[in-house]
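Once you scroll down, you'll see the structures, which are given as structure tokens.
In the two complexes below, chain A is the common chain; its partner is chain B in one and chain C in the other.
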Partner chain A sequence: MRAYVPFATGGLQSLLQYRSMFVVTGVTAAAGAAVTVFLWRAVYADAPASGGPGGFTLAGITTYLLLAQILQVLHTNRVDDEVAAEVYRGDVAVMLVRPVSYPLVRFFACLPVVAANAVLVGVPVLLLFAFLVPLAVPRPGDAALFAVSAVLSVLIAFCVNLLTGMAGFLTTNTWGVRMVKQSVVAFFAGQLVPIALMPGPLAALARALPFRGMADGPLTLLLGRYDGAAGAFGVLAQQAGWAAGLAAVCAVLWRRALGRLEVLGG
Partner chain B sequence: MSALRTAARYARLSWFLGGVGLHRLVTYRLDFLLGAGAFLVRVGVQTAVVGLVFRQVPAVGGWSYHEVVFLLGFSLLPRGLDHLFTDQLWELGRKLVQRGEFYRHLVRPVSPLFSLLSERFFHPDGFGELIVGGVLVGWSGSRLGLDPTATQWALAPLLVVCGALIHTAVKLLFSSLSFWTVTSLPAMYAANQVSEFAAYPLDIYHPTLRSLLTWVLPFAFTSYAPCAYLLTGDADLLVWLPAVTAGALALALAVWRRGLSTHETTGS
Partner chain C sequence: MIVAHELVKEFRIPERRPGLAGSLATLFTRRYRVTRAVDRVSFEIPAGSRTAYIGANGAGKSTTIKMLTGIMTPTSGYCRVRGIEPYRHRQRNARSIGVVFGQRSQLWWDLSVPDSFRILRRIYDIPDHVYRRNLARYRELLDIDALGTTPVRQLSLGQRMRAEIAASLLHDPAVVFWDEPTIGLDMVLKEAVRELVNRAHRELGTTVVLTSHDIADIAAICDSALVVDRGRVVHQGSIQDLLRSADRRSVLFDHRDRLAADAVCATVERGLPGVRAVPADGGRVHVDYPAAEFTSRQVLAFLLDHFDLADCYAPEPDLEDVLRQIYGRQRPAAPSGVSAV
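And then the complex of A and B:
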């Protein structure tokens, strides 16, 4: 494990070279949150205090959508574009001659990105919106459950992004693949429409997919929208299950992909 | 006379280079299909979100479901038109100055801006946006029973062109900053992100955000103002469109020229 620590610090150093990226991530997150928050606030403008559609109050739905966007900032770990670019350019070959596992290197290199995004983008965006619109305040227990769940969501996001980046083995237009991933993940995570507001079959599909654990799962816990301890445990167990399952898929596909990798160079 | 001849020369060049762009499309067919497919998924998700919003309420900010779809579709038209011709500005903002590759546009016997833009005419994604936007506008328009007057029919293409010019002006302004900052991709990216607001009715946003989108980064004029006019005949905001378009273009061109004159290429 100690072999991987330098990759984490290295990731942090290269990150600090590109500080303007945080501004971009921040503007993107704030703009994305503003669109969904204001769109749904218009829907809930006349909702009764006891709760409108799906049992959300105005402050509840605002908190849900805002934090879904902030969770997405934590999931923007750049693993998808970096892996795709390294495969495309053939740089991945350099990594393969080192006595380390490439997916693990990527994991450790993305940890500082996630932490920096949380502190430098997530907190300011949260404060900005807290200043503009009223938010729901969670119970301390729910906030603790949310923290655990958010960590699991980061693991799921890493696997999803690694799989997306591995599309670089199949096509050079990874831009298109990443755009599809982004749209599909945002939708099925509940980031644009809370899963509770989707029609029956669509909601059932969204609840079964791993993306639910990236936004709707943690936010279900934060807003206390679960049935007792068993309900909360169910959400966390589903997340943990998907994180383990996706990690296994990554490991298998990575080994298969290396078999067909050809790097030109000289 | 000579002005006319210059215009004819540029038109001939555009025709020829446009052909090159189309040829490229046919050669990289899979890339084109992936790009267009990705775009379809994105718009599909956006439309689904609007549909799910309107499952809860009959109107949002005073706009009905079909009106919002009309707005969403219309916002893609100027964006697509702009995309067809000016995508190279992203390259300027991203790397041309940084890598010292811009000088080649200064040594050609055409205006540097034309030289830069003509490097890639007919970007495939632009076609996708125009087609999807057209389909959404046509479908929602017929569901609304829209019956535009002769003036509205005549103005509609002009509104799209003005909207495209506003998109171009914003892109040109932010990409020209790279003459000073070497790369301006973050700024371009942020401005592009702000343009996403134009796909929804401005009435739902916070008043500060609304005035930002109207008077600072005037994306309101690319979709909201034209749609308000086409759907309801309300031209309160629309009368500012010519002035805003001209002003935005003039400002962007001034910054571009200033940047060109301060530009010193890097080299090795």
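And then the complex of A and C:
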């Protein structure tokens, strides 16, 4: 594993050359959060203190949607773009002459992106909205559960993005695939509409899919919307299961893709 | 050391049909054209040799290199580098090889060259003394310090190529594969690269496999040649042997006779049937003769008999011409087929 550390530090060094990018990401995330937050605040404006639709209070729904947006920033780890581009252009060849595993390299290289997004985009956006609108204050235990769950959500996001990027093996239109992924994830993670508000069968489907672990899962824990210790454990276990399952799928597909890799020219 | 046996690599290239109707049709049925980039190639490259892997465009050079470096898996046949099949044990193979792809950068685009080297040092676990020795060498021969802290993306092609070559040798690999490495290098640097690889070869017995379109590179770096045409090996041996296979040789001479250049040429062509004589720069005459019919001695004797020679020399045959002949000699139809999937 020591051989992979320089990919993380090198990634961080590269990243720091593009500081203005964080401003752009921050503005985009804040705008996105503003749209959903203010829309849903209008819906919940007259909700009783005991909770409106789905059992959310006004502060609760605000926190859910804001943090869903911030989690999405953490999940924008560029793995999908970079893998797709490298596979499509054939630059993956260069990575393959190194004595390292490409998926692991990508994982380590995305860690600084996630960390920088958290610190340089996530925290400022959170503070901005905390200043603008009242947020729910979590219990310390729930905050800790959220932290663990957020880490698992980052792992799931990595696998989903890696799989998306590997579409570059099959199609040249990876932009379209990435757009589809983004919409599917935003919807089934509960980022646009909290899963609790979806109609029964759809909510059941969303709860079964891995994308739930990317926003709704961590936020369920943060807002204390679970049933005792078993409920909290269930959310974490589902996330961990999906993370492990998707990682296995990535490993298998990557291996098969490599066997069929065709790098033409150059 | 490096062995290829009946190595085949085929690519499936989707066929596009012409026109809008054709484009729509490809949405539903896809036809693939199968192109054989490497056609049952077998060869052996001994340890410690510096071999030029030569072929015309599309001869499968890069594809073969990609199989030898473990990036691609052969369609059939196998190859081995130091006893292991690279595509089966890619990471193990990668530890003992160094690679330069002239077309693609292996450095970190946004980092400086020293930063890239520090990363490579960690990846390959390069011992201190090796790392220091190699860096000192790059300073001396490639003037690597001059690249400073500029990110790789802002380097010129020549500067970047210097760094790429250095990077491929940094971990003292047993084999280096250089695919078109000297694009963008000037003469002085080519000389330096040659010195660098010669030292590695002398001290560590590094095996070098080079593909290049630049005959000067090949002549400077390599001692043997592997010539591939349409996937097939058509010559394997020393560069000298390859040159000797030239079917036309040349003699250039200068004379003190007061004769028009045309008259001189006509005299030569009349006296030696099958020979071509053309005026060259500086009043010289270039005589081009078929090696099968005349020896250089016969040609020289004729010239001495008929002219008052001031200067005369017989250059080595041009490697490029030799290769053109070899390619020209055999032109089978390209093996390809169409399959519907």
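One rule holds in what follows: the second predicted complex is superposed on the first by the 266 of 266 C-alpha atoms of A that agree within 3 Å, B and C clash if a C-alpha of one lies under 4 Å from a C-alpha of the other, contacts with A are read in each partner's own complex, and residues count from 1 in each chain.
Here is the rule we go by: a residue touches a chain if its C-beta (ideal position, glycine included) is under 8 Å from a C-beta of that chain, and two chains touch if they have at least 3 such contacts.
Computed from a predicted model, the values in this text were never measured in an experiment.
In the superposition on chain A, A:137 contacts neither chain B nor chain C. In the superposed model, A:17 makes contact with chain C only, not with chain B.
Of the two partner chains, chain C is the only one touched by A:101; chain B is not. Looking at the shared chain after the overlay, A:43 reaches chain B, while chain C stays out of its contact range.
Shared-chain residue A:2: touches chain C; no touch with chain B. Once chain A of one complex is fitted onto chain A of the other, the partner contacts of A:93 are limited to chain C, with no touch recorded for chain B. Looking at the shared chain after the overlay, A:198 reaches chain B, while chain C stays out of its contact range. On the chain B side of its complex with chain A, the touching residues are 30-31, 34-35, 37-39, 41-42, 44-45, 48-49, 52-53, 55-57, 60-61, 186, 189-190, 193-194, 196-197, 200, 203-206, 209. Put simply, chain A touches chain C in their complex at residues 2-3, 5-7, 9-10, 13-14, 17-18, 90-91, 93-94, 96-101, 258-266.
Listing the residues of chain C that touch chain A in their complex gives 11-12, 62, 66, 69-73, 87, 90-92, 94-95, 97, 99, 101-106, 108-111, 115-116, 118-119, 122-125, 151, 179. Contact residues of chain A toward chain B in the complex are 20-21, 23-24, 27-28, 31-32, 34-35, 38-43, 52-53, 132, 171-173, 175-177, 179-180, 183-184, 186-187, 192-193, 197-199.
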